[in-house]
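Here come two complexes built around chain A, the first alongside chain B, the second alongside chain C.
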Partner chain A sequence: MNPTAMVVGVVMLLIILALCWYVSPGMGLMALIGIVVGGVLIGFGTHFVPVGGAPAAMGQAPGIATGVAMLAAGAGLAGLFGGAWAAEQGLVVATITGGVGGGLMMAITCMMVNFVYVFGMGIPSASGKVAKDPITGDTQAEFKSQGTEGHGLPFVSFVGGVTGGFLGGAGGTLIYLQLLSLYEATLPAVMGVPPAQVMPIAVAAAGIFAVGLFLVNAVLTAYNITGTIEGPHDPKFKRWPRSIVASAVASALCGFFAILIVAI
Partner chain B sequence: MEQIVFGIGITALTGALATIAGSAEDTESNIGSQGDPNSQVQLAPQMGFVHRIFNKAVAGEPPAYGLWCALGAGLAWAFMAMQVNAVLAIVIGSVLAVLVQGAYATTAYLGRTASLAKFGQPVYVDILKSMTSVTMAHAFIAIFSVVTLSHLINGALGHPFPLPLLGLIWGIALGAAGSATGNPYYGKERQYQNQKFGAGVPISASGNIVRYAEAGERNSLDNGFFTHKIGGSASGICFGLIVFLELWRTILFEQISAGWGAIIVGILMILIFTVVDRYIEVWARKNYGPYTEAKVAS
Partner chain C sequence: MSVKVEVIEGGVPHNTIMIAGLVGTLVCLYLTYLNVLTNTELFAFFGGLAVVTALIWGSHTIKVLCSYGIGTGVPSAGMIAFGSGVIAMLLATKFGIAAPIVALVLAAVIGFILGYISNNILNMKIPAMVQALTEMAVVGALTLMGFAALITGGFTFAGLTTGTISMLGMTVSSNQISFIGGGLIAVAFLLGAIAIQHPFNACLGPGWKQDRMLMLTAECGFLSMIVAAIMSFALISAGSAIVSLVIAIAGWAYTYNQYICLSKRDAYAWLDAKPIPEMEGH
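And then the complex of A and B:
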């Protein structure tokens, strides 16, 4: 942990919030705060997603055999899809719906990964980072095949995947809803057209910004964990505080530009 | 009631399309070595194992499919705006997106393989000609399925997102699900068929991929044929379940208790998959047994 970098990050965040308050003190600032919270949820949630990268594809390391940012994006965007559909039900219901959508995507994916490992390749799950599964208490070392760091998805990784998907889906949906409400309120005056005509543009712009912000935060976290992580039991998980600050600053900056298109 | 029945029918159709898309995506990526196992295809010549495996991995599956599906959906949307029939528009959009995929595959193979020249790895023109067209055919099936299901979700089920954005979202989700489920089967079970079944590949064996087939040298069409049976099917079921269950819980239960019905059903489904996953894990531990004694292992 680098305290100086953390302080610099917090100062940058405050500067961006102050700029937003100056440009758009009411709705704009509230939207930006929502975007920052959503971005932090995505960044934090990505730490839970068990991704083993290339070694996992050879059964040399535990986790899902793909990129962490991409898997988190896949789950979070599936959640965003559901959350956007439920936007009319209100902020709380839509955000939770988005979270459940992301969690469901990860639950299915993690289950199918273990299915392929066990029934397709005859390999049981084993963690390389802990002696016992923190949730089930299953010992891990004796199920680790020779010359590998473990393989498959132990139960704690499955739970981490679902948690990460939930947080990512909820964060993405929150960003979408904040931008949508801002655009719905401001675009008719900016473009000089009736609110009904502006709706498709507001939905599309908010959706594209939400997808973009999702990728920004997921990639930032991928750097923080250097590409792979087993889940919440992995020692790399403890690096999350610095990622939270980075996600907050990046989300604030990106969100500020998303707000500027209707504020100026 | 009629609306719900219509919604369930569309949901079933999108689930079937997603299953086909998942299966085709995984097979396409395995023939092109686009998932994480590409690291071994790239590493092999550096360890002295020259091969005839196709390798077009210059992007992960999720961003690549996000691009191709968004492109196909965007073009289809533009053609539909020009009053072209929806089916024709989706076909033309998917074909044009596949042309981009073909250009991508060609340049990616040439670039990646040419970089291995100093290790004696040749660029095989016959591999380029025979593999690229097969990956394009599989990519067409995947892109067409995703664009069609996105159109159904947008047009028939009334999702607010425009078609290109739905193509992007489901393209990325398709790549994520397909690579997560299908990669281990290609990476471990096919590339390292010479290693022991029922164990991970020892790190010391990295790069020593299987290069010979029953007759002559193995190529990526053999790999696609092999992995499609389990890896491709599992990827198809995975993506099919994701799309089907996400739509199903929304269509049937969203109106119950102002949206909380869909949330509760979603949580219940997560719990069911959790139980199934735990059962699979325990089953493997009981039936396959430990590799070493617990007290000896460290």
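And then the complex of A and C:
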């Protein structure tokens, strides 16, 4: 960890919040705080997702056989669609719906991955990082093939995947809802058109900003993990504090630009 | 992590490509402004050429960045380029005629800070990181602006959010039929993001050749331009959209042929495989 850079990051975050308070106190600042919370949820949640990368595709490492950014985007966007569908039901219901959407997506993905591993490739699920599964207590070493780091998707990775999908989906939905309510309230005055006319613009702009912010946060977390992670029991999981700072700064910066559209 | 696995040998230096790409993209974007000056939509196709130019620059930047083992896969670089670019691009459209320049500056600011975050807070310590993320955010923003110009004929916020709809012989202004309101921006986003990350992902390895990768980028760019030109039928006059479509198809056919030639040049051996023959009586 680099303490100087962490301090610089926190200072940058405060500066951006202050700038936002200057151009749009009240609504804009509240929206930005919601966006930062959503971004942090995405960054933290991505650490739970079991990412295997290319070694997993060959059955030589545990996890889902693709990159961090792809998995996070898949889970988060599925959650975002779920949450956007429930946007009319209020903040809490919509955010949880988004989380459930993301978690469901990851649950289906993890289950189908294990189907392919077990019935298609004929390999059992075994973790290479821990001796016993932290949740079920099952021993792992007997099932692990020599020369591999483990393979398949052990139970703890499955749980981690669903947790990560839930947090990511909820974070993405939170960002979308904050921007949507801000745009619905301010765009009619900015564009000089009736509120009913402006709905498509508000929905599309909030949606594309939420997607952009989601991808930025997911890729930054991918850089933090550098490749593969097994889930919450992996030693790499302990890197999450610096990802929280990074996601907070990146979301604040991008969210501030998104708010400037209606503030200037 | 900062082990450089592959060095650039021969070919055009990256800085030349960067400057040529930046100037070419900005010039093409501003050429679409002829639409406003001449009061037509015929020059929308310059937006597509801006897309191709920016993508060529961007895919070479991805090559520079991903030559270091960043361990996250090449597609993630394309995703962060467009994720940060779309934010800068949408804000920049509020600045009217200055939009491309403002998009360049805003995207550079976002990219620079993201580069600082990755290199220092996340401890990546990759020498090319800050410059590469800055360049990629700019490429993402300018590519999206190119798509916007290609599909709507302009790049101002008002032009991107309003369209017209014909109803019972009357023309009514509508926000639904527009680049942003109709969600076309989401399609443009992924058309660009896939086109920027695919070439290096497909060509990387010991046999990497610069001209072959850049030709593949141009091919991917024109392929995206074909789709965007078809979408532009909804928002600009049919004649202008046909001009864009014809240019896109011609460019794609040329670059595809060239790419196949370059692939054959670099291959050890190749065989023109025929389709499976139909065996009668078996």
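Just so it is clear, the second predicted complex is superposed on the first by the 264 of 264 C-alpha atoms of A that agree within 3 Å, B and C clash if a C-alpha of one lies under 4 Å from a C-alpha of the other, contacts with A are read in each partner's own complex, and residues count from 1 in each chain.
Note that in this section contacts are C-beta pairs under 8 Å (C-beta built on N, C-alpha and C of every residue); 3 or more make two chains touch, one makes a residue touch a chain.
Being a predicted model, the structure only gives us computed values, none of them experimental.
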After the chain A overlay, clash or fit between chain B and chain C?
clash
With both complexes superposed on chain A, which partner does A:209 reach: first (chain B), second (chain C), both or neither?
second
Which partner does A:154 contact after superposing on A: first (chain B), second (chain C), both, neither?
first
Is A:200 contacted by the first partner chain B, the second partner chain C, both or neither?
both
Once the shared chain is lined up, is A:67 touching chain B (first), chain C (second), both, or neither of them?
both
Could you tell me if A:53 is touching chain B, chain C, both of them or neither one (first, second, both, neither)?
both
Of chain C and chain B, partner touching more chain A residues
B
After the superposition on A, what does A:223 contact: first (chain B), second (chain C), both or neither?
second
Figure out whether A:98 sits in contact with chain B (first) or chain C (second), or with both, or with neither.
neither
Once chain A of both complexes is superposed, is A:231 in touch with chain B (first), chain C (second), both, or neither?
neither
Colliding stretch - chain C into chain B, listed as 19-27, 109-117, 199-207 or 235-243:
199-207
Going through chain A, the residues touched by chain B and also by chain C turn out to be 53, 66-67, 70, 73, 200, 204, 207-208, 211
Which part of chain B faces chain A closely enough to touch in the complex?
35-40, 60-63, 159-162, 165-166, 168-170, 172-173, 175-177, 179-189, 191-192, 197-206, 230-231, 234-235, 237-238, 241-242, 245-246, 249-250, 254, 258-260, 262-263, 266-267, 269-270, 273-274, 276-278, 280-281, 283-285, 288, 290-294, 296-298
For chain C, which residues are in contact with chain A within the complex?
1, 70-73, 75-77, 79-80, 82-88, 90-91, 94, 106, 110, 113-114, 116-118, 120-124, 157-158, 161, 174-176, 178, 180-183, 185-186, 189
Contact residues on chain A for chain B in the complex?
53-60, 64-67, 70-71, 73-75, 77-78, 80-82, 84-87, 89-90, 93-94, 96-97, 100-101, 103-105, 107-125, 136, 138-139, 141-155, 158-159, 162, 200, 203-204, 207-208, 211
Show which residues of chain A lie in contact with chain C when the two form their complex.
1-2, 4-6, 8-9, 12, 53, 66-70, 73, 191, 193, 197-198, 200-201, 204-205, 207-209, 211-216, 218-220, 222-228, 242-243, 245-246, 249-250, 253-254, 257-258, 260-261, 264
